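Structures given as structure tokens follow.
In the two complexes below, chain A is the common chain; its partner is chain B in one and chain C in the other.
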Partner chain A sequence: MNEIKCECGHVNPHGTILCESCGRVLEEKEKEKQLVDMRYEGSARRSQTYNKTIIDKIWNFFSSVKVGVWLIIILLVASSLGTIFPQEMYIPPLMPAGEYYQEQYGWLGKLYYDLGFHNLYSSWWYLLLIAALGISLIIASLDRVVPLYRSLTNQRVSRHESFLKRQRMFSVSNADLSGETVDKIKNLLTQKRYKIREENGNILAEKNRFSRWGPYVNHLGLVIFLLGGMLRFVPGMYVDEILWLREGETKAIPGTEGQYYLKNNAFIFEVYDKEKDDEVFQNAIDKVGTVVKNYQTDATLYKKQGDTVPGEKPELEKVRDQSIQVNKPLKIDGFALYQVDYKLDEMNKMAFKLENKKTGDQFGDVAVDLYDPEMNYDLGNGYKVEVMSYFPDFEFNEDGEPATKSRIPNNPAFIFKMFTPDKPEGEISFVAIRQTIEPMGDNDYKMIFNGVETKNVTALTVRKDLTLWLIGLGGLIFMIGVVQGAYWNHRRLWIRRVDSQIWTAAHTNKNWHGLKRELDTIFADSGIKAPEDQLSDDKKE
Partner chain B sequence: MKKKRLVTRTIILAVLALAVGYTLYANMNKDKNQKIEVGKPAPDFVLVDMEGNKHRLSEYKGQGVFVNFWATWCKPCEREMPYIENQYQQFKDQGVQVLAIDSSESELVVNKFVERKGLNFPVLIDKDGQVQAAYGINPLPITFLIDKEGNVVKSHTGELTEETVREFMEQIKP
Partner chain C sequence: MVELSSNFLFTAFILYLVGILFFGGAIKDKRHADKKDSPNKWAKIGIVVTIAGFLSQLTFFVLRWIASGHAPVSNLFEFTTFFGMALVGAFIALYFMYKTPLLGLFTLPVAALIIAYGSMFPRDVTPLIPALQSYWLHIHVTTTAIGQAILAVSFAAGLIYLVKSVDQTKKSKSTLWLEVVLFGLISTLGFVFVSSFFAATDYQANFNYVNKEGQPATEKYTIPAVVGPHQFELTDKDRFEPLIETPAIISAKKLNTVIWSLASGIVLYVLLRAILRKRIAAALKPWTKNINLDLVDEIGYRSVLIGFPVFTLGGLIFAMIWAQIAWTRFWGWDPKEVWALITWLFYAAFLHLRLSKGWHGEKSAWLAVIGFIIIMFNLVAVNLVIAGLHSYAGS
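What follows is the complex of A and B.
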């Protein structure tokens, strides 16, 4: 094993730049430099020492900070791409997603869909990127925190001259250390919360070493956070579903395995009214026209009684009535139902009258339930209408035949057969919105549109999340790490006798100015020069 | 020491790879069928056909059941219907039952469709989507093959050819 034995007798791992114990420069290249590189205490980052097996190569790849930074950049770009258009889970499920994107956003939407960006956050490559970042966090941290810990615990009080003089803060005084002076300096250092170690009359004063662990605590928090995200894939830990519910409709709440049902009694959409609402809203209303005041679903929650086989009509027991508003969810058994979307005035019923074209006489009312139309509508006195075909979401297909795009009555169309006393064999008429076709030639009768009944549709997000506490914990640890690393500085001061001189050197991981000021007060009347910044131009000061 | 380090690294990387692997696997299967597992009993259901007869899956024990989820607005469903009808005629006397479950459409629409296509097997409407939820149905058409013990043999998402329909029925023939 290539270990390096320093002149002071300490054995360092291969790749060490500064002896862990005395600080001698071990690397030839480093000896020429005016100042030593104090990153990671000149310890051997494990990754850089050898590159032998495939395992080591993988390890080194993830250990690299450069790789980590690139992963973050790529992830940021990818994540922002996913926000250009809504993700598939947030679009109304009324038509195939591909068509929706094309219709709403044109060719860009189609491209977006074709590239798979409509499901970006659960795509395999996105997850792989996140995973790579997580691995990079773990390995890069391990690779640095272990050697750093080793160096900091192994450091000796008396550091080698070559180490001291290559510190950024350094000074030489031609003076002697009297016991009195030493006591005074030590006293001041203790007041500043330094921990002092002595060896052969040399001093090492150190404080806030724990600040060095900040970044690693921070990374640990991130890893826990990611772990929480991973836990969401474990069945039962996380539910995020959407429930579309027409007024009057009762449906099972998805994710609850059919245990709970919800009925939409009414969906309320309110806007601020210029006349009725407070004057403070006037300006905003004038500016933008309509301002929504309230989205609300008046719902009734039911629990299923006993065991039923799917398809059977379940026996439901009312749990409670509740109004669901934005940010005021309905909560039950760890599930929360949030108001998330709506559709106003979806067609529900359509009314027609049968009319004699010549005389204008009208017969009966035909009210067609668009979700469950009847086959025959008897209007009495020998007048009868039969629905031959019904297309809830009408279009002409590739063959030019009438067809339906979905089961939702977005554009209802009918083929009616009208039986009348003077046309007992019936007349056929195709009726769509603003369109009537009489395929068998001119009819004597027609169906005339007589109003439509609409209903509002509400959309609720059904959410259950048992991973939140872990994600919260990760976030908390993350913040502790940030604070730990940011609000304290790891400061060290070395005082060493070299022949008849007193050498002082100091190091901090950040805020050199603060260190300088602190040392100036400590050495003020001691007759010893405080360490000076070898990098600043105005050294005379 | 070097060997020890290699072992540690290998173990750490293996644990991480396992975690990532599980996540990817779970994510891939998230949108697929979590509810239905091949080899496990198929979820039972009760639905009424167009003639008003009740069909309960568990009552078909001893027969193979070809369960097809469809809708009239679904083009591939429409195309595969005649194949299912043809093969149903071949296999119905050999202990294979077809149950075609429509996705929440109106009776009128389904009736007209059945009439137009001349379908003879039971067509059931899952009005409130309970059965679809139990089977985790997402895209249509999707076909499940259930053997005479009531276990799922296979699930197939997407359009079928007449040949596959025949193979499928052959597979569940008791």
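What follows is the complex of A and C.
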């Protein structure tokens, strides 16, 4: 590789624009400019140096901030498209999504659906955009940080005249630096936390260099964050299950491989009460009617003891009682259980009696557990009821036959066979809510409805997310980097004797106004002119 | 206590208006025009009045917090007025960094407008639904609002920059868009006027209509209905009969409010133009005579630099922490979340363009204006139009 040797003797890597050591301009093109481009200290960046192979080209593409900004803008616009209509996960699951969008939003809705915007944020092209952003972040940062680090750690105190002259802040004073003035200036600079280095009577005062690493630190944070997001797709890192539990019911917590069980002791649903709750809420409650105050599951957590073969009833040991509320999940072993949904007064048991239609005599109690019905009920004295079919969520299907929509007992229906001493071969009766059909002709007996027992049901989301620590770490690093880069500025001041003159030059990566004010106070009565802004003269009126 | 606290809010509002007058006086005071570094007497009184207003609003905030038992940032009224307060706070901080009364002359009207706008929403103390019962919510909301407020100062700075730098002697795209931005502010004022007027006269018109599920429903208008709901039937007598009816999927009441705001904005704007006999921006221009453009540019940039990390912390990081606890996942692509992401991406682009592409001055000022529009869009449109999980029950 052809390195460049500067007049000062320093050997710079190929592609360097400003000598890392003395600051002389090495690149012909740059020599004509009034000011040097200080952005990356004129260091040799790979992307500015090589452009031959395909890898060079890819590298150069992604290292460009222009490309980075375009990616950000495209991502921004794309994201906004997803908010025009609700995403699929937020629409009620009553009908196929396509129909829903068409019905709610007309042809625009249909177009939205057809373009796939109803699931925009998980579409391949959206993910590709994010991936491109991530690659761009990595390459652009690498391209700059290494050479920048080299230049900033190698810089020498005495910079060449051509370098000083072409700084944005620059001044020449016909004055001499007496030891006293130097001490005073140095003193003031130290007070302002500048670090001072001297060489042959020339001075370099520098502070907050660390803020230059801010962007790289924050980009690193973002990359870690994105990696954390990708980690979710690794099996075992992420669990998202739902657990429906009726009051009194105990079930294994899904995702825990049968290690943990949860019992729902009670589900509590509370609304704000005008009388009992704080008076200040009265107006608001009057206006909207009811406002929910609390969703809560009083649960008991159990842990399974020992090994069990499938089918065997596990032995459970109580871990603790806990109330699960919104914003107060139950946590165990990396799992968290969140209160997310509920159903009040869901039918749990249905009771019937067998009745002789003619005499009105009633026999027995048939209490059917709607979740786990028994098939035979012996009522004694030769009376017996058999459940031939059970439809928890009854409907007539397309062929006009009884069927069930789901396994939730929203609308239970039964086909009973009733055995009695006078009808030993049994009579068949179809019983649904508010309707009885006797398919085999008139029966002598019927099943009469004798009440229903209801229970509240709670729904808990079971979540394990082993990616959170990485995501949190990424966020933390991002914050550190962004604060580091935004709340401090890297400032440098060069003072150099050139014959009988004193040259000063200053540079900051941002907040020039602050630098100007600071330097003005430092040079106030020193007899030396503070560096002046070579750019803004023409803008001032 | 709630009523007492409202008095403090009102006092704060008046003090901000008085502050504007003093900052105006500070600029017009010719004797001190050349001494840019030390603010004159007017400016000093202006900042004292502004700080008094800020403290008064802080008192409102604290009292309301005590009265309701939760940080008052849980409905649109509370959040918007808090945002206004944060904007004033951000201005006060930047005033002490840069000593520029002109920034007050532009920031305070925006803040006052935001507070007035927020006060048009129901001011009842609302009980918290379970999802909102978390201190993380309050940390998230206040930090976000403070971040957005600091970012909004760059809007004020951007406006100053544009008013000063855009050439008003000839018509151009810049003069047009600048008028559009100012018209937006004037329409907000129009909305405040219209709402206050009809609230004072207790106007009400009730409608029966058919909603988008095809069910009969009712709607109460508090300003006269120019557009009525789908298949409406006015149930009050002697009320203004709507001129048009909307399809069911459009919220007629909200559309009606927008129409009134724009119409009153147009009236106000035309009136102003007739009085001033030039573009509004041209009329504002002389006020910016003595300000250094570089300085304004820097103030704008600084406020983005300071505001961006605060917004990231509140609007994204705290938001994610809260979402993880309340909604089981730290990110759910809810519209409000997406618009926070958009805001964040936008300001990231702003910083990159500025740092690497050298977008200073006018370009940067326009970006600051657009950024503010995005913030307001998230506050207003996303809450009222694109409802999501976060939407406060506004009407």
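Some observations on this one:
Assume the second predicted complex is superposed on the first by the 299 of 541 C-alpha atoms of A that agree within 3 Å, B and C clash if a C-alpha of one lies under 4 Å from a C-alpha of the other, contacts with A are read in each partner's own complex, and residues count from 1 in each chain.
Rule of thumb we're sticking to: a contact is a pair of C-beta atoms (placed from the backbone, for glycine too) under 8 Å apart; a residue touches a chain by one contact, two chains touch by 3 or more.
Predicted model, so just to flag it, every value in this text is computed and none were measured.
Once chain A of one complex is fitted onto chain A of the other, the partner contacts of A:124 are limited to chain B, with no touch recorded for chain C. With both structures placed on the common chain, the touch criterion links A:329 to chain C but leaves chain B unconnected.
Contact with chain B, but none with chain C, is seen for A:388 once the two complexes are overlaid on the shared chain.
Touch criterion not met for A:34: it reaches neither chain B nor chain C. Look at A:72: by the touch rule set out above, it reaches chain C but stays clear of chain B.
Between chain B and chain C, C touches the greater number of residues of chain A. By the touch criterion stated above, A:311 is placed in contact with chain B alone, chain C being left untouched. Of the two partner chains, neither chain B nor chain C is touched by A:290.
Shared-chain residue A:258: touches chain B; no touch with chain C.
Those residues of chain B whose C-beta lies close enough to touch chain A in the complex are 1-2, 5-6, 9-10, 12-13, 16, 19-20, 22-24, 26-28, 30-31, 34, 43-47, 56, 71-73, 103-109, 111-112, 124, 126, 128-131, 133-134.
Contact residues of chain C toward chain A in the complex are 1-2, 67-69, 122, 124-127, 129-131, 133-134, 136, 212, 249, 292-295, 298, 301-302, 305-306, 308-309, 312-313, 316-317, 320, 324-326, 328-330, 332-335, 338-339, 341-342, 345-346, 348-349, 352-353, 355-357, 382, 386, 388, 393. The touching residues of chain A, counted against chain C in their complex, run 39, 65-66, 68-69, 72-73, 75-76, 79-80, 82-84, 86-87, 89-90, 104-106, 121, 272, 277-278, 280-281, 283-285, 287-288, 291-295, 325-327, 329, 336, 338-340, 461, 463, 465, 468, 471, 475, 478-479, 482-483, 486-487, 510-513, 536, 539-540. On the side of chain A, the complex with chain B involves touching residues 1, 46, 50, 53, 55-56, 58-59, 122, 124, 127-128, 131, 134-135, 138-139, 142, 230, 233-235, 250-252, 254, 258, 309-312, 314, 371-375, 387-390, 392-393, 403-407.
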